[in-house]
Amino acid sequence: MRRVFVVGVGMTRVGRRFDKGLGELAAEAIFRAIDDARGARPEALVVGNMMASSLFNQDNLGALVADYAGLRGVAAYHVEAACGSGGHAVVAGYSLVASGLYDVVLVVGVEKMCDYPTSVVTAALAQAADAEHELVYGISFPSLNALVMRLYMKTFGASREALAQWPVRMHEYGSRNPYAQLRFRISVDDVVRSPVIADPIRLLDSSPIGDGAAALVLASEDVARKLSDTPVEVAGVGMATDSVDLSSRMDLLDAPSVRLAAEKAYRMARVSPRDIDVAEVHDAFTVTGLLCLEALGFVERGKAWKEFADGRFGPGDKPSVNLSGGLKARGHPVGATGVYQVAEIAMQLRGDFPGVKAGSPSIGLAANFGGVATQTSVVVLRR
Amino acid sequence: MRRVFVVGVGMTRVGRRFDKGLGELAAEAIFRAIDDARGARPEALVVGNMMASSLFNQDNLGALVADYAGLRGVAAYHVEAACGSGGHAVVAGYSLVASGLYDVVLVVGVEKMCDYPTSVVTAALAQAADAEHELVYGISFPSLNALVMRLYMKTFGASREALAQWPVRMHEYGSRNPYAQLRFRISVDDVVRSPVIADPIRLLDSSPIGDGAAALVLASEDVARKLSDTPVEVAGVGMATDSVDLSSRMDLLDAPSVRLAAEKAYRMARVSPRDIDVAEVHDAFTVTGLLCLEALGFVERGKAWKEFADGRFGPGDKPSVNLSGGLKARGHPVGATGVYQVAEIAMQLRGDFPGVKAGSPSIGLAANFGGVATQTSVVVLRR
Amino acid sequence: MKVSPARVWRARGSRYRLEGSRCRDCGFTFYPPKPACPKCGSRNVERVQLPPRGRVVTWAVQYTVPEGFRSRAPIVAAIIELENGVRVLGTIVDVDPSEIRDGMTVEAQLRRVAEDGDEGLIVYGLKFVPAPRG
Amino acid sequence: MKVSPARVWRARGSRYRLEGSRCRDCGFTFYPPKPACPKCGSRNVERVQLPPRGRVVTWAVQYTVPEGFRSRAPIVAAIIELENGVRVLGTIVDVDPSEIRDGMTVEAQLRRVAEDGDEGLIVYGLKFVPAPRG
């Protein structure tokens, strides 16, 4: 297997970007990633996106983004895995380099969600659910996660206030990340009194709606040295699935797709959960952040809420988690999120992440999923 | 680079499949491919599809198909490249094996188009065009191809009757392919008198609307020997892009994405166009079939219409083209088509294609694109 | 969502009659029905009628609803464990959301669930209502 | 198609005023505008106003139209080569389709192009009409 390195990263600040369409916004992140990789010339492009089809009537997205970024002609395709599209695009891009097909591959995640009213975005997000047996009843994506949150709290005895520690800490980190959508601090009180979206999920348990794009330049070993002084190795990748419908899940408090994807990535990188210094996990909602910590093996089942509320997983801890502010505060432009995560971990390992730093980490991890842990990608990076 | 082999194929007959949804139809093809590969156990799944989002409100398609096919847990993602989604999914699946990430990978293309009225399907197909500058004006996908057809006929002096030879021959082949949607013969007269869809394109210049699924089992070299007595090597793959909008195309009668993708695939397989014995090319419309023959290097620019009308490219010719009946008669369930093509070529090379046979071919090629040659994948197979 | 007669017709078993699938190899019964078993992967599955009654395992009261469902807000989503142990995700109606309790018994009834705009098809399906005692 | 005020506003340059981009490095001018040059890849591009007049290079007369455009059928799609050589894909209106000829001169005018259902936004954009002689 050829070794693959991240040699360039680029992000846009998540937020309302009424000024740019899908192609222009993706190009903005791509230009930054290419500049960061000393003007690398990508031979192929993988685009992670969920909603271009349902909100913008735009397919053929790989070609569209290539052309808008001045890369007309390169190989390209679009990867969809709902809110996990970005992370899966990274794995797809990884395999294009590792296979020997291409030496330099660009991965970009892009999503535009702010153009439309919340009800329209809610309908588009619900496409992550089973259209025939969930979406048809008007059940929203937050609602599916609320089912899990209520069960988590009851089963493990977690209090509302304890869970609120997650968004509080995320906003704390986000306030120091220049790319974050929500750069203000909040209190436990703010969380538990914020408007109810899908009881027990409140507004501040939920990631915001935002536009954003993030890009990576991946390169093979020999090329990587020319494009970067601080290449970060993609040491392990894994992907796994669960059912789309929640009805037939074996255990709603397990996240087997996260567990299986992580096992594969750990095995490939020859590391264990204890070796991870810094991680970005998929906290689309408070409860999914907690489930990630458990399924990734950072903490025992049912204990993430307690250990997190007690202060674990902060900067310097092993691992420190979501120093970007996570989906909660950095933002969650759904199909782009997984690429943001890998870019942030790469920067933490290079030492130039512009927000809260993890210290001097050498191994990092990004976990991104579509649906309620329906399909997960895990990427392990090494300095 | 690890060698990759096709060790199993499975297809459904293209047509109206009101009895099955996306998951069930994909599973039908997957079951056949797995049975053909001696009960292979895939570790990963790549799903090619264009319209699940726009027609069925269903994202997270990789996980959905995995679960419906009894593969819950495997790695999965969905690849979109409009009508070229299937071929790009094959390349993505190839790279998952060639990279060493997985030994056995399933690729499935699935599309359901018959549930909705033609106007709704026309709108969904138009998502292959530029939403902001083409689709917004009500311009349809056949119309974009009609622009090219008129220009082709005028520039190269091709007559309406000569072009009609394409669909006539495709229906001849299709009538002998048990998987084909259109299994009846037609005459030149039928073509030139068929209803006008987007003048100069008539109904019989156009591929039909159909439901279908096709699947491949891909395996690494050592595993391939266990799963098949007649493994077919994926000897070369290539992908390339052009603009989505037709406005900024450099030359409407060239198809650079086909040319570039083919060059890459030829180089990798160490073959030239003259070595190809059997090919399946993307005749979504008569003119795109002709452009493919030219851009793939089988015939000079502007001469495909003449050589085809004169009888070239039949069984036994080098190459013989679209013996399946092509998109025109086998059918074009858009996101599945590229997988059908590779499955058909693999069967031609194994000698068990159940329709018109190419003789004893040893090298075959499949070319599939999304849009008007907007993004193309080319796969070269070797016996 | 987009609706078509074929699409609605295909889902008649699962959405009108609460049909699931049962694996003849490992015995796992599940909803919605699928052509293979999610537990053991076997294709040896059969359609089975699921019992209409069950108990609430967990629920959510959803105030933000997708486009097209405004008149139905708030929507109560729930996981119901049917009498044979099979779990079904559905909605609960005819009840004040504040009265829903863990373990509450509910029963499936055929109701109108969605419309395709003002002039399109009407989609029917099962909703759960509090079960009469006894 | 789905429409939003932001989406319509973003396209105002290209759809209301026929703006394209010009590459300051290689000189290539193209439509629609993009942040990089399709020919040389340079990001050194500027917005330019394109001339409203041009000649028909090729055209199609489209009888089967997407949902929402039934009242506009048949639609004439065409590639127009503007006076400065830039090509634009658009529609031609106010003409009997049988009268369209190769090289015919046409001119862009602002027209209504689509509606988001009965009560949604109205989208405007440029359509081409036969140009007055002179």
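The letters A, B, C and D name the chains in turn, as written, and every chain counts its residues from 1.
Assume a contact is a pair of C-beta atoms (placed from the backbone, for glycine too) under 8 Å apart; a residue touches a chain by one contact, two chains touch by 3 or more.
Since this is a predicted model, take the numbers as computed values, not measurements.
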Interface with more contacting C-beta pairs, comparing A-D to A-C: A-C
Approximate Å spacing (C-alpha centroids) for the pair chain B, chain C: 38
Separation of chain C from chain D, taking each centre as the mean of its C-alpha atoms, in whole Å: 48
Chain A and chain C: spacing of chain centres that average the CA atoms, whole Å: 31
Where chain C touches two or more other chains, by residue: 1, 7, 11, 34, 38
In chain B, residues with contacts to at least two other chains: 21, 56-57, 67, 71-72, 120, 123, 126, 130-132, 135, 243, 248
Interchain pairs in contact, sorted by label: A-B, A-C, A-D, B-C, B-D
Chain C - residues contacting chain B, complex: 1-2, 4, 6-7, 9-11, 34-38, 40-43
Footprint of chain D on chain A - complex, ascending: 18-21, 23-24, 27-28, 31, 55-57, 67-72, 114-116, 120
Residue numbers on chain D that touch chain B, as the complex places them: 1, 7, 11, 14-15, 30-32, 34, 38-39, 57-70, 72, 75, 77-79, 87-91, 97, 102, 113-114, 123, 125, 127
Chain D-touching residues of chain B, taken from the complex the two chains share: 117-120, 122-123, 126, 130-140, 142-144, 146-148, 150-151, 154, 195-201, 243, 245-250, 252
In the complex, chain B residues that touch chain A: 1-2, 21, 44, 50, 53-54, 56-64, 66-67, 71-82, 88, 91-92, 94-96, 98-101, 123, 126-132, 135, 237-244, 248, 256-257, 260-261, 264, 370-371, 374-375
